[in-house]
């Protein structure tokens, strides 16, 4: 029978660290997850991105069920796994396949509920893509021509244009993954893209709090100043 | 029957890399662990913090037994797991629960040997906390109000004041975890706190050597200059 | 029966993310791996280094078989595991022991096909070692004398001189591991050493593309500018 609770709420915790179960219940389940700054659906996206990025498979079944119950669609989960294969590494996606398969099985999600291999892609923002490509060419063109080519052909002309995960949500996955892996050098570009795609300042700030719990405080504190610089550069007022 | 040796000492290594078993025996077990700069109890704290932070569960049973045999108390191990839930991420703590439960079971450690959920907290150093809170408010207050609030309420007004792990040991866990995850941006604050709490310069330097073996050389070399800057800023003479 | 395909090619993927199987086949197996800038043997070295460094054991059996089929010798695989015990951490090596043992067993690789514990070491480049040791002594000598001593005694006077993995390949393992763990601070020294040992500029650039797929795009993009600086400092022309 599938567990319907995360490990830190299970009875096992009482044999190791009873205080941790209380923290998990009070601060995480009844605290963090109920804050209005991010919807449960958004928190599910962030949490799945963090766990897949960190290869922490133990509680992914619980959070997948929570995600489905919070309105995340199977096509969206499928796209999140596909997206993170590139942003977190092929091995991280591989580790989640059997787990997602089982949860999809429980819920009766069938192959024709999944995104097609070759969907009609979203329209390309040609100007933004030209700027991005020129930047990457300048920075990496003579260093790793292969990286430059795959980045365009596989990522920005294909993966990012797949229609079954909204660009704002795709960016949310990316930013969460970057924070969870300590990849602060890439946060600036992708948070700007996320905010261009509709992520609000309040939501972006709350992503950091969600990441703090699921990836640990240090990643959150490393991300915060970079996020602050993005806010400043976009000319938004402090809340 | 529980294994009483780490994997790299097991017979399996002879089928893959016999030299590695020799290195493990000569340089780690008979070398590193016998150096006087850190006690076996301290090395156990560092090693458990590194393995939990890196989600490397395979040899945690061996090092838990070694920790208990080296004088680390069950209440202290319980607090280490609880502490790392926040500093290394909830998922890392979750991965260790079943393992610690089994080792506690072997040793007859019962729930009433564990720290209470709500102990009488250590006294707060109000001045230091005011400085810390003001710093965080200035750096992250308008970026992630949630992060700021949880950092105070859950971490510095609660977790850090739990009495069953001495502040010096709690800092040792934190610094080891930061080094093992490459979180060098947070080492300065926490190493200063550790040294305020009694960690000596010689011990801090030797933590780096312990981290080198258990997290890999690159993390040790990334940490060393940051540790050096802390030593310098505290006005201590080179040994 | 051992699987002869990576997880992302398996039928399971069709129940989760059919597009991901298409990407894996078209862009990775039929794309990346067939590019001439790195041989299949080199790509196997890079991939194994990435997976061991990231503790992603699931597909290591597949890539070990591919490595053996691509000409990597059992002695070389044994040395790679031993090397990464120090550069990625003892726990990462420990996690691979049982897996390598099984694959070696399948292939009839016996203990006397493995490198000896104490081989005749390669000759030491005394001048380069003196420079390295002086640098480390200056930077870490008063901070962590233990780290300095182990770095010389275990790594540069022993591990790096073991003869069953060519210095160029040992450097390739090291650079791949550093990129996969985001240890950009150490890339400069080790990439220079790799190129001194014969790694070409074109190969180094292609390592980044291989790392992009197996460790994720962010690690590749963090590594690229550091690699570019090394190329520039060596006075080579852009291709």
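A, B and C are the chain letters, set down in written order, and residue numbers restart from 1 in every chain.
Please note the rule applied: a contact is a pair of C-beta atoms (placed from the backbone, for glycine too) under 8 Å apart; a residue touches a chain by one contact, two chains touch by 3 or more.
Since the model is a prediction, treat every value here as computed from it, not as a measurement.
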item	value
Graph class of chain-chain contacts, one of line, ring, star, complete, other	complete
Magnitude of the superposing rotation for chain B and chain C (Cα, nearest 5°)	120
Distance between chain centroids, defined by C-alpha means - chain A, chain C (Å)	28
Junction residues of chain B - those touching two or more other chains	55, 182
In the complex, chain B residues that touch chain A	55, 78-79, 81-82, 85-98, 100-101, 104-105, 111, 114-118, 139-140, 142-147, 150-151, 153-155, 162, 177-178, 181-183, 185-186
Residues of chain C touching chain A in the complex	6-8, 10, 12-20, 22-24, 27-28, 31-32, 35, 37, 50-51, 54-56, 58-59, 182, 205-206, 208-209, 212-222, 224-225, 227-228, 231, 238-239
